[in-house]
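Per-chain numbering from 1; labels A, B and C assigned in written order.
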């Protein structure tokens, strides 16, 4: 079990309100990602759930029991930290055993679980090493191993991949997703990287300045962002959002067009512009277009390769059925 | 250094550094050498450096005249005891300052250090009175308490700086793993801080060993440590250089050897953990 | 990172140290204040009643007061300047590549382990003695008249002895700090055309700022109360009477507790002035 409900949870540091009263339900078995720019309160929210911070007001309910005043150790949650927080003076085996030792689990049961976790995480050969002798990815796996052996009701991940290099990050992303598929345990995952959010989550919670901007599945957020902030945050490259006269013509105060929803032509189209930088990735080409008269630089994504040089004239036409329209408050209008 | 250094530069560096090092060390070396001379050789003009008949008679005389073993034992008990006592009291305090900092943490820390600035002489008589009243005068336990108190701020500060280097996330991880506060301190914090604690221990043994205000003023015969033993040579007896040197060598040898053997810990201890 | 629970536990764990130090500070301090307003001569009649600020006035108006303050500040200042300047130079020297660096370091640290009574005795008798001291031999060797160090240059002699004891400390801290200096920074400044002197002034010295602060703080704490060195060498004669020593004489030698206590209060005030001044600098530097 691992159903976590936040009721009017609020957090102040002194006079500063980091999390205004907030409600959120995380269903059992769900992979929930908290995403937002740095300083949006996502880590604080996770630490409130973990019990590493006190709530200023409100209730945290875990599996139908009020856990607001319960110390972290008693909440039945496990956490993987950004720095992995491995105990440097203990071997990998002892690191993984630590939570079980604290729970006074019988020795043979401990060993059985250590072996199982080590096997699942490819750590069998490293059990007697110290964390200092491991690579970043291995340390990451030890931290995960340490959290799974106690069979928590939910896992909390605090930006666990941000210290890994790009290639490893992709690999670990898959491993964590696999782990979730296998364990079917609730996971709450904090990241500032929207790619991680999109690829891993069942449910994404987008936060800004402590406020929840939108809750939904990755595709809901992609297709129906509730406001300009979410629209700009989810998707890569970023959605183009235009204001002013051209937006008025399209029937809204703000109009968002994803780079992949713009057609390109060398001869004619709705907007005429000049090619700035063209990034050729092979599979895709990103073209940054200037001087369109839209007030913003427009980014276009084209599948495959296209001949585009700096300074070339180019014509852009948005796909009308893929426009996102926003009102004066930046909220979505249908 | 990424660049190769020319042989010539290295020779110059080495010569200069050794010259300065020997110059600084010379008073100690001279004392040790003199302790093996006869009194006549010790004041020979011009001074004799190495070419003399080595003798142990000064050591024999000093040992015969005063109860060196008792002074040594007192020094060991007082320096060791005050340090251990101080560490036991300081660990929890440093823990809470490093890991549960509040707005006042820095003020408390600085206040503690400032008590170290209280001139001992300003409170000498009151302490003297209290000691007489409580029967602590000329006792080892009395000195242990006083030296513990005067070094406590330093111990707290050193441990604090060492503890602060331990990432808070590791302690939080322990908490998430179900460790109680006690288990956290025993299983995680203390083992991780052992190098720091060792440095603190060493430095404070040295400070306590060499402390010479309270040890001179609060002891008479029974509890007097080596500082008092050596101060007794400030009288005209001090003019017997060879014996003075032998006594001096015996007073500093234990700590000098301890210091040299644990040089690495000491260097980090000496920097009070505050300089990387 | 704190929860209410850990905060109260923290307060509890801090209590013993805070309470002990508070007691250690307040109890004797209160007694000193109490005595300072009394005429109290334990060997000549004991408690002779309240005298108001008499002791304070007598202590400041005594001819030895201002000289003793001056002596104290001269010794502290002199030793600080010598140890820091030489410490920086030595640290730079020891940081150069050389053979036997470890051994040189041991040689340089050694004076720190020597108890003050020993070092004062050794310097006084075996080096500064005008007849048999090594300095006397050295002077004679060069055809000069040997100096009576502790009489003719008493303050300088004491500063020399104390500097010798504290130079290792300063050197070690500064050496550790220098070793942590990022080599790339120096290379970058070299690429930018900085001369060795400019590199020292703009890169090395600022980098040492924090370490110098630490040296300043710790040494001042210990230097303000140096005692053994004077006790053993001059007994406060020849202009080496520091405030500490003056009070010591009033209390223990003339057994005038009231007067000594008033002096103690002055010493505490002096220490506090220095402390406030220092804490300002250090407090700022500790944030870093």
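Note that in this section a residue touches a chain if its C-beta (ideal position, glycine included) is under 8 Å from a C-beta of that chain, and two chains touch if they have at least 3 such contacts.
As the structure is a prediction and not an experimental result, all values here were calculated from the model.
Of all chains, the one whose CA centroid is most distant from that of chain C is A.
Here the chain pair with the top count of touching C-beta pairs is B-C.
Remark: chain A and chain B have CA centroids separated by 53 Å (rounded to whole angstrom). Rounded to a whole number, the gap between the C-alpha centres of chain A and chain C is 56 angstrom.
Distance between chain B and chain C, defined via averaged C-alpha coordinates, is recorded as 16 Å.
The residues of chain C that reach two or more other chains are 1-2, listed in rising order.
Under the contact definition stated at the top, the residues of chain B that touch 2 or more other chains are 172. Residues of chain A found to touch two or more other chains are 52, 71-72. Those residues of chain A lying in contact with chain B across their complex are 50, 52, 71-74, 77-79, 81-83, 85-89, 98-99, 102-103, 146, 150.
Residues of chain C touching chain B in their complex: 1-2, 6-7, 9-11, 13-14, 16-18, 20-21, 24-25, 27-29, 31-32, 35, 90, 93-94, 96-127, 132, 134, 137, 141, 164, 167-169, 172-173, 176-177, 180, 183, 187, 210-211, 214, 217-218, 220-221, 224-225, 227-228, 231-232, 243-245, 247-248, 251-252, 257, 260-261, 263-265, 267-268, 270-272, 274-275, 279, 282-283, 286.
The touching residues of chain B, counted against chain C in their complex, run 1-2, 5, 9-10, 13-14, 16-18, 20-22, 24-25, 27-28, 30-31, 34, 43, 45-47, 89-90, 92-93, 95-97, 99-102, 106, 108, 110, 112-127, 129-130, 149, 152-153, 156, 168, 172, 181, 206, 209-210, 212-213, 216-217, 226-227, 230-231, 233-234, 238-239, 241, 244-245, 248, 251-252, 255-256, 259-260, 263, 266-268, 270-272, 274-276. Those residues of chain B that touch chain A in the shared complex are 167, 169-170, 172-180, 183, 187-188, 191-192.
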